[in-house]
Amino acid sequence: MKLLLINPNISDSVSALIRAEAERSASAGTQVEVLTAPFGVAYIETRFEALIGAYAAAQLAAEHHQRFDAIVVAAFGDPGLGGLREAMDIPVTGLTEAALASAHLLGHRISIIAISQRIQAWYREVVEACGFGGRLASIRALDRPLSGIGAVQDEHAQALKALAERAVDEDGAEVIVLAGAPLAGLARTLKGQLPVPVVDGVSSAVRHAETLVALDPGAARRGSFAPPPLKPHRGLPASIEALLAGRNA
Amino acid sequence: MKLLLINPNISDSVSALIRAEAERSASAGTQVEVLTAPFGVAYIETRFEALIGAYAAAQLAAEHHQRFDAIVVAAFGDPGLGGLREAMDIPVTGLTEAALASAHLLGHRISIIAISQRIQAWYREVVEACGFGGRLASIRALDRPLSGIGAVQDEHAQALKALAERAVDEDGAEVIVLAGAPLAGLARTLKGQLPVPVVDGVSSAVRHAETLVALDPGAARRGSFAPPPLKPHRGLPASIEALLAGRNA
Amino acid sequence: MKLLLINPNISDSVSALIRAEAERSASAGTQVEVLTAPFGVAYIETRFEALIGAYAAAQLAAEHHQRFDAIVVAAFGDPGLGGLREAMDIPVTGLTEAALASAHLLGHRISIIAISQRIQAWYREVVEACGFGGRLASIRALDRPLSGIGAVQDEHAQALKALAERAVDEDGAEVIVLAGAPLAGLARTLKGQLPVPVVDGVSSAVRHAETLVALDPGAARRGSFAPPPLKPHRGLPASIEALLAGRNA
Amino acid sequence: MKLLLINPNISDSVSALIRAEAERSASAGTQVEVLTAPFGVAYIETRFEALIGAYAAAQLAAEHHQRFDAIVVAAFGDPGLGGLREAMDIPVTGLTEAALASAHLLGHRISIIAISQRIQAWYREVVEACGFGGRLASIRALDRPLSGIGAVQDEHAQALKALAERAVDEDGAEVIVLAGAPLAGLARTLKGQLPVPVVDGVSSAVRHAETLVALDPGAARRGSFAPPPLKPHRGLPASIEALLAGRNA
Amino acid sequence: MKLLLINPNISDSVSALIRAEAERSASAGTQVEVLTAPFGVAYIETRFEALIGAYAAAQLAAEHHQRFDAIVVAAFGDPGLGGLREAMDIPVTGLTEAALASAHLLGHRISIIAISQRIQAWYREVVEACGFGGRLASIRALDRPLSGIGAVQDEHAQALKALAERAVDEDGAEVIVLAGAPLAGLARTLKGQLPVPVVDGVSSAVRHAETLVALDPGAARRGSFAPPPLKPHRGLPASIEALLAGRNA
Amino acid sequence: MKLLLINPNISDSVSALIRAEAERSASAGTQVEVLTAPFGVAYIETRFEALIGAYAAAQLAAEHHQRFDAIVVAAFGDPGLGGLREAMDIPVTGLTEAALASAHLLGHRISIIAISQRIQAWYREVVEACGFGGRLASIRALDRPLSGIGAVQDEHAQALKALAERAVDEDGAEVIVLAGAPLAGLARTLKGQLPVPVVDGVSSAVRHAETLVALDPGAARRGSFAPPPLKPHRGLPASIEALLAGRNA
């Protein structure tokens, strides 16, 4: 089985973190490949940056999907996920959606620990759009500037752990999600140090993508996740043109 | 006052409908300009198409915003609206958001009449993301193929009116929204023929954009609609680069 | 265009504040008239006082509506608004509903800054009845006795501003509503001093009432905002009798 | 124990139905008295009529409360209830609230059977304001003109029963509420003829009012149901003036 | 009238508290009997303990119901209530459901005061399952170890009162529920000492059970509270076997 | 890896279906064992039957958990799941929860196809308790008597498929869950015959249990899924006594 993980941002250091955790968590026999966006920003904190990342993810997916069994949008917030699920004939998931699936299986009230204050509103909107708003105990976030996105978990592991402790004690969290690709692998590092189960987006997404391939539930041919209908278009990258033509072929 | 209306799709015929209704509904002293997306699809029905339209709208807004007092994303579903509100220092609204604002002032339970079956799931998600899910009486849509997007209202006016009647009688709608830029102006055509108030997105957006300019409520300098923080980026169009640099300058 | 603003309370000093802000915010060509309730209390903080104000507003509206193009119930909490919308054949809005419409166009999470602790429960119920409960970041209120209702904003401007700052920083407010007719105009005074957009009920209501007149969406002839059905009645003021008879005529 | 039931409408025939069912359902030792509004309409179907009924109920309550241990607002929709609960130092309930309390103890999903199409929107808003929106299976209503409000249940018993059957079979109702004072006693008449428990507002309100007197839970001295604060007022009926002064004395 | 109160736990000291408050609150002519679970734990704080208590309650109800007019599951959290309502042909209620019914009649926003930190998550889930999640102002709980379950209210009355005060002042509670059978009677003790109405589960359940018997709304013969359908079973206690057979007979 | 699947009912024929599908869907290296409840009913349709099944599942889990890496409660409705998650130090999931996790990764709006009318209310309550109420497009169910629980899918496959088609076309389902252990394997049989992805509870639960073991997120030591606190108990089966003592040891 081959999984494509798309980093919708330009940070190679984050792609390396994603790759390392994906390889650690994949089943025997699963190959993972991580691609980094050719355009965009270092990491997504806002709706505007998500809009850019979504388009970058769509281009990468359109170009490369044919070699893979499933795709993971490897940024918390899942930019472009809904659209890719329509356009692809293979399973697609994202870090938020996959982390919520794991958390759902471990407890009811979920807290998210994030890397910046600014990122919280966008995360909240994504969680609510997933229908998990009623299970969100809290989002807590670092409030210090980040010296570099690839080193967040090294520099701030204790502060992130302290936020998780407060989420358990003050917000009633029953599960903790360490959110964002820059924290990929931190759950593994903190294993046994938190009082409730801890979920990582990358390992969750890899495992759940494998499960979707194994369950083989069938593709949508009707309803809102069927392929987008054919219609006039103009000025799109060739890969996206081919994608729009392909699923209707 | 100058308003920019961005058609995030490639259909010049729809841009013409938008322009006509915008000019009919603008106050004296307001100038409207309509720009059509240089790339994308004929009209947005799906999340994937919305993702493309959002990026096209962002490019147009980044290139042209400096000549305007406010911007309207002139497609129902408001692709890119949240992101543009962060990135712009002038008011931005969209057809869905503006139509909901008008409907909110006219009744409690709102039905949306739409041009295709496929479009309904996306509309529902947008309305729910706006926090209006609890006020949505129904979405009803044409179930016939469209011969051309610019002629929908001419060819299907009676079918659309019949859907609105059913929304009132069977779904308890207290206000009707005729949804989608291809229906721009239809509310004016049907005036007096429906048993409840009827809302059009384009005229609502033009009027509400004028109101936002007049009220001058101030720009967000903190919180989730403040400008996106400066950070490394790569490969973006020059206009978007300038935009990201500008609001933080 | 002529707008009637009804102060459902007996405070002439508040009517003066309403009039001043309404005149400042009306478009050229719009005339505003403010009427003060002939009976009732100084300002509404409770459900019981709202019940009285609603009846007073209904009497004033019934007596005077024929000279106007739209009506504004000029108290936050909108006493009687739903009923008047049924009974009148011209647009009717209220300060809460109109402030929420403006806030809806500026951000997602809204905080309300209010003049007394007691008033908060009623405000919350009204916001929830409008369907905006899910977007309410917080209500924060002064906790000091008011020396006189007409001087609240002069005496407490800094305390009110501090409450707004806390709503942004602690509650995640993306828009601030300065609530209550006694604060009419304060948003204008504080312009540029708050980190997020600030909304005033009176100016919002005046502008949105103008928009409703301009859009001319049609009156409800069916559904729950159609005129109340004719039926036996007794002991009502002549103006209300005429109103009940009139829309069914 | 003495209970005051206030019919906020002018229909003596409905007051007679209320009185008969109240007397049948009161415990030994409970005296009931029914007062009819001196002004208003024959029966409330709309928000505007509810606004009038609320003011009429307030006047009657203010005049007579001192002779009673508890008050029932004896119209479905409970006009004025929240306000009276603030203003009175004895328990106050209403037909909707009391019927929902009974239904809550009998099943989860509740359907309301009502006497007119028009009345449904108002009922829905009241049920939602009570926080029972999530438990409302449906509201179903007669769609024929009523020859006289006092004879509804005699003339339409079979149609009302058929509506209840459909609510069970098609809407998943686990409890039926026969709604509106004009249906007082019909639940008793239909006993054993419906497949799920049936609730009547008047008998529920009488019994729950007795319970509140017996439990003696204490009056609100803080919070939003404490007496309205003393403040300037003008032009109010003497009984309401006395009421406002009294609870603060 | 004879009421059966089932303590689904093994604590005779708590059964004594239940019995005392039930006898104090029952109407003249009502006899109450309290039975203690033959197996289980001292008091329920968790979902696992509730699962045990539910089965114990079912056994006691199956053995004894024929001598009674109504049954009360006398533990906050109501273990087994939904199941017993299906299986019994007499009214069944529980302390949570009954306390919520009383609170519903006294105010809108409800706080629950509980005896342990651990118990809160389970209480919240039960309240949400009742559909009262939107009215829950807060749950506040003792954070000290309990020396013995029968003496909680004697030892911690002041701490519990202080929690109630904070719920009113900080959480906006309009009604207080003193939760858990171990607090039976404490509302009576604290009468007049709290600033808002106070509700006790046992007295509420006794009174509401009496009301259900008096109203005689009919048993469910269809829908989800009809008797469980007959089907093969094995290894059940004879009383439960008889119960399953009986209502279908 | 060894998984224990507990059939909380007495039907050996259903246990065989569970076993077959579990073995088909388990990864290489995973061993599955299915245990059948020693007491209870043939299949659970009601809250009362679920209460019995929960207790039976708890006994089986307490007796056998030490030989396994994870446990699956193998009945749709997940009787006892929350309690077992507290009491066990290994992952526990159930068919409903696991099916929802799969569906969550495949689409937004979910319909459940069930084997009897009666079962629907209980399923709805379980889905809502999981926080998925807002994503439930519909529950549709067979309305014919079942000749034997082990043969439902053989006898009714076409009727179940027709229900799924209607859920897609009329209710807007984007994913279908074939619900109930008696339908284990039917999704596999219908592969490619439905227009949207189809989810089976048993295969989902097996795969998600494997994932939880692989992710190793840590056990709850605080919060509401920590082990139940030690306290006096009486009359419990030895295995449950040992369980209560064990996790606190």
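Should a chain be cited, it is by its letter among A, B, C, D, E and F, assigned in written order, with residues numbered from 1 in that chain.
Convention: a contact is a pair of C-beta atoms (placed from the backbone, for glycine too) under 8 Å apart; a residue touches a chain by one contact, two chains touch by 3 or more.
Just so we're on the same page, UniProt names per chain: A, B, C, D, E, F = Aspartate/glutamate racemase family protein.
Everything numeric in this text was worked out from a predicted model, so none of it was measured.
Counted as hops between touching chains, the shortest connection from chain B to chain E is 2.
Any chain touching chain B that also touches chain F appears here: A, D. Of all residue numbers used at the contact between chain A and chain B, over half are used by both chains, marking a mostly same-residue interface. If you average the CA atoms of chain A and of chain D, the two centres end up 52 Å from each other. Chain centres here are Cα means. That of chain A falls 44 Å from that of chain E.
Chain E and chain F have Cα centroids separated by 29 Å. Residues of chain A in contact with at least two other chains: 85, 108-109, 120-121, 125, 172, 174, 223-224, 226. Interchain contacts give a graph that is no line, ring or star and is not complete, per the touch definition above. Under the touch rule stated earlier, the contacting chain pairs are A-B, A-C, A-E, A-F, B-C, B-D, B-F, C-D, C-E, D-E, D-F, E-F.
Chain E contributes residues 25, 27, 85, 91, 93, 97-98, 100-102, 104-109, 130-132, 134-135, 168-169, 172-175, 187, 191-192, 194-200, 203-204, 207-208, 211-212, 214-226 to its touches with chain D in the complex. By the touch criterion given at the top, residues 10-11, 38-43, 45-52, 54-55, 58, 80, 82-87, 118, 120-122, 125, 128-129, 223-224, 226, 228-229, 231-236, 240, 244 of chain C touch chain D in their complex. Looking at the complex, you find that chain F touches chain D at residues 120-121, 125. Chain A contributes residues 108-109, 172, 174 to its touches with chain E in the complex.
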